[in-house]
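Same chain, two partners: chain A is paired with chain B first, then with chain C.
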Partner chain A sequence: MPVSGIVSRPTYEALAIDPAGRRHLFVADHAFEPDPGVFAALPSEAPVELWRALAEARVGSGAGPRANALARDFRSTTQLLDALAYRLERERVGLRLYAVGLESFVWDVARLARGLGMDSSEYRLSHVGSNRRRVYCVHCRAITENVATNVVACSGCGANLFVRDHFSRRLAAFMGFQIDAEAPGEVPPIEEAFP
Partner chain B sequence: MSGADHLPLRVRETEMISPLLKRFVFEAADGGELPPAGAGAHLRLTLEGEGRRWKNAYSIVSAPADRSHLSIIVRRVSPSRGGSAFLHEAVHPGAVVAAHEPGNLFPMSHIARKHLMVSGGIGLTPFLSYLEAIEATGADFELRHFCRDEEIPIFERILSGFDAGRITIHPASAPFDLSQALASQPLGTHLYTCGPEALMGLVLAAARDHGWPASKLHSESFGGAHAGGLPFTAILKKSGLKVAVRDDQTLLEAIEEAGLEPDCLCRGGACGVCLTSVLEGEPDHRDHFLEGAESASNRSIMICVSRAKTQNIVLDL
Partner chain C sequence: MNQRFKPAETFRRDFTFRNSDEAVLRFPFPFPEDSYMYSVNIEPHTPGGPTAAFQAAFDVDEHYVAECAERAIVLEEDPGRCKVLPHMMAAQWDTLELIMESFARDYPQDFSLTKEGTNWVWENRPLGIKQSFVFGDAKTLPCEPFEYITRQAQGDFTLQDQREDNLFVDGGMVTTQADWSLEFNIGMTFHEWHGPVPLAHQLGVFDRALKFLMRLQYGQPVRRLNWTMTINPRLDTSPENYPLWGTDRTTVTPENVAEKVFLRVELQTLFRLPRSNAILFGIRCYLLSVADIARVEKWGKRLHRVLLDLPTELQDYKGLTRYRQTVVDYLAPLDDGAPLPSGIAPGQTAL
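So, the complex of A and B:
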């Protein structure tokens, strides 16, 4: 079982708009359709954009979730994050950014936003979807994506990594360390921990 | 936390920048290196006049990296509580004054990608040290300074050493809309304002209206808040003292005159260090520290700037 009581484990609140923002950009790693109630607190003229990375890749743009809203679809989260970096470099103070999706995705967005001058009062993260984790190997520093089990073979060095609740906002990943370092091969039963 | 005024400073030179503005350059009385002071730091001087003692805080305007001297610019305030007039008239080169180690309640953000400064009048002073620090790091900045029309040449001269292309001096008489400046700043810009309360209030309200988060807004007020008021009496329960607060002094100054040394730091109602419990009486809150409910409950008072609405106020001191 994962080690509990670790305070770096992020917690998330339900997606809510920050009406203090002048412009609002939603980014999602799936076919996210915001609940119209989300926009209730906004003045009708406030610009809203919705960017989504879709599994069925048909890049395009069109009408968004409400009047004054623009929707833009991407082929992948990689492409979306690339466009987001370009956009944020040209943005002005007053923007609010909302990331919706897997933990690895929303923290990638947060990392990008922080690097381009936003702080945590200007972006909101909402975890939606599976609990699969991105794991950072503390030995070889490789990243292993989509980890559902308590122990996983590192994608870099192959070590049996135990996945902790210890989360790095900088790396947008959970810490994994070799569980059988002292006694090679002594690995606890592998079970699905992050469905 | 109030600490001792154990830093003796000798006045190396003074300069009248204008009839109302006087620059003081201090060095360590022992000739050594001065303690470090970051951009935005202030110096608290203990001034001993005839039968009168002032503890006034002034923004340091010299380069933060230079520890050979500390400079301040003092505006002669009218009506003065006495400190600024004393500095203008009675403190000359060679004089030694007691100071506290520099404190900083208005530091620059270290993660800001750009610094937008808006100042009014003598509120420019903390930004002079910002500009020195910015010059050293090459950070992006913009300064908008407001002053009385007739003082424009004075401030042009004060600012003449810095990148004029990014500095705008606005005459107070001309209409000016900050919206354009506030709506066009890149993400990662931090806004700093220092000057008269009315100006700072306008700037901060306009920034919030343009979607600026509180985390990127910084302000420092000076003087003004405690200037004047009706005399009243403070009864200090623990020490059993009855202190008469005159119209031209602050509650804190009156308490210090009575021989107590309550904890304090900024002496401007911002830092919260001098928070004191009110046992009886109604405070006249003039600080920036107490939040709405806390302020309304009248159970606490920031003694450095606030006064009493009632004839007597009983404090837990």
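So, the complex of A and C:
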């Protein structure tokens, strides 16, 4: 049943600035420091912001002063996405959004952006970091995060999910299905597949 | 109750589904040649064709009432099997209009539609439904228009929105599917939702099919056949319920193979819709047991030959790996190797 070479899997290009934008907002799920070369194509007065989720409680207003006044650090991706939704609801045409991080994070950002009226020419996604996957259980709809192995126990129903190379941009997740549904207990050797 | 329907059939648990002799002979057998590979096998969907299944825009057969009841059971357990994205409301009304008008035209003894301006009255006699409503006003129906009418039709349906030089699967009623998930796929582009299909991408099948479908004209529907095999006459072979039906594939033996294994054929139809410019994709599922296929000499021999040299990738993708050989062994003694005429017509008028 496992089939490889599935073409719904997204591909990503290296992070590049869109000079057509009037304002630029970078969001990252880690302590991202953009390569200065990325900004070479921009006029120096173009506003650039950098939002980062640091997975750390001791950040917030005044907790992490940075040279760039337009930088904001968040405690979690959840907090960052929440602030991003608030921000995008109030944005005007001309913003360019750049998401940098794990696939699950960058597609969460894409979903939020689309839902708030941005089209695919207004945001860019850059996958960096590990290849760990968010897995959607097709049987119970529960999400299992940070999956590094070919087979994982579903966080919802406990099924031994085989992580299929089939990706839903809407769910920002790969499909998992019960690998031993036909012959209970017949599970292939568990290996690291998404380091 | 109209005598032509068999309302008590089931597609789960005790599996009382059976095909009459007439239903066997009208089956849309999918193999015109002795071997099978993916192709863009699309033809105009005009009345007529090799068997009676091709006579109507939307075929209504002896299983109609039972299949509508089966759909209601699936939706009761999992309402998410019917889902339409919010921007598709015009396509919902297009679908309702197309199915109601087609049913009333093709089966006037069973269905009627009366219109006075936007005040419509729909009568579905096999299901005992009479509904007055205002076309375009969803509040005058018991549920949204796409769900309303597809609950009264056999087979699955999806809605494709055409934009950005692509087709997006932005809605569907999917309760009788061959192992694909609407919930997972909704919103995907044409190539994304066909992502898991092996070999066909490399053959360029989806590139050509997409180009063709983007030019599909209103009033000129098209059709194709697709197929797989299913253990027991189970309509709901969804990935959602794979833990419930997966073990069926291990139960095939030389003794039960003829009655337990079914050829599952999808008569797929595509209609351009007039207001929304969306495409309605009908996926009508037919099931015929290996025993019944063997009663049609040409079909029994041909199925044997197709299964014999089916590429391994397709065996795996279609889930046949565990029992294909058992089916081949059952059919082998019936196949004398004599040349068969091409085409899918049964080649006989009685069993």
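What we mean here is this: the second predicted complex is superposed on the first by the 179 of 195 C-alpha atoms of A that agree within 3 Å, B and C clash if a C-alpha of one lies under 4 Å from a C-alpha of the other, contacts with A are read in each partner's own complex, and residues count from 1 in each chain.
Basically, a residue touches a chain if its C-beta (ideal position, glycine included) is under 8 Å from a C-beta of that chain, and two chains touch if they have at least 3 such contacts.
Note that the structure is predicted; figures quoted are calculated from it, not measured.
Participant: Kindly classify A:L95 by the partners it touches after superposition: chain B alone (first), chain C alone (second), both, or neither?
Facilitator: first
Participant: Which partner, once the models are overlaid, touches more of chain A's residues, chain C or chain B?
Facilitator: Between chain B and chain C, C touches the greater number of residues in chain A.
Participant: Check the residue A:A159 against both partner chains and state whether it touches chain B (first), chain C (second), both, or neither.
Facilitator: So A:A159 only meets chain C here.
Participant: With both complexes overlaid on chain A, does A:M175 touch chain B (first), chain C (second), both or neither?
Facilitator: In the superposition, A:M175 touches chain C alone.
Participant: Going by the contact definition given at the top, which residues of chain A touch chain B in one complex and chain C in the other?
Facilitator: None.
Participant: Sort out for me which residues of chain C touch chain A in the complex.
Facilitator: Chain C reaches chain A through residues 181, 183-188, 191-196, 198, 201, 239-243, 246-247, 249-250, 313, 316-317, 319, 322.
Participant: If you look only at chain A, which of its residues touch chain B in the complex?
Facilitator: Counting only chain A, the residues touching chain B are 20-23, 88, 91-96, 116-122.
Participant: Spell out the residues on chain A that touch chain C in their complex, using ranges where they run on.
Facilitator: Chain A residues touching chain C: 1, 3, 5-9, 136, 138-139, 141, 159, 164-171, 175, 177-178, 181-184.
Participant: For chain B, which residues are in contact with chain A within the complex?
Facilitator: 111-113, 182-189, 208, 210-216
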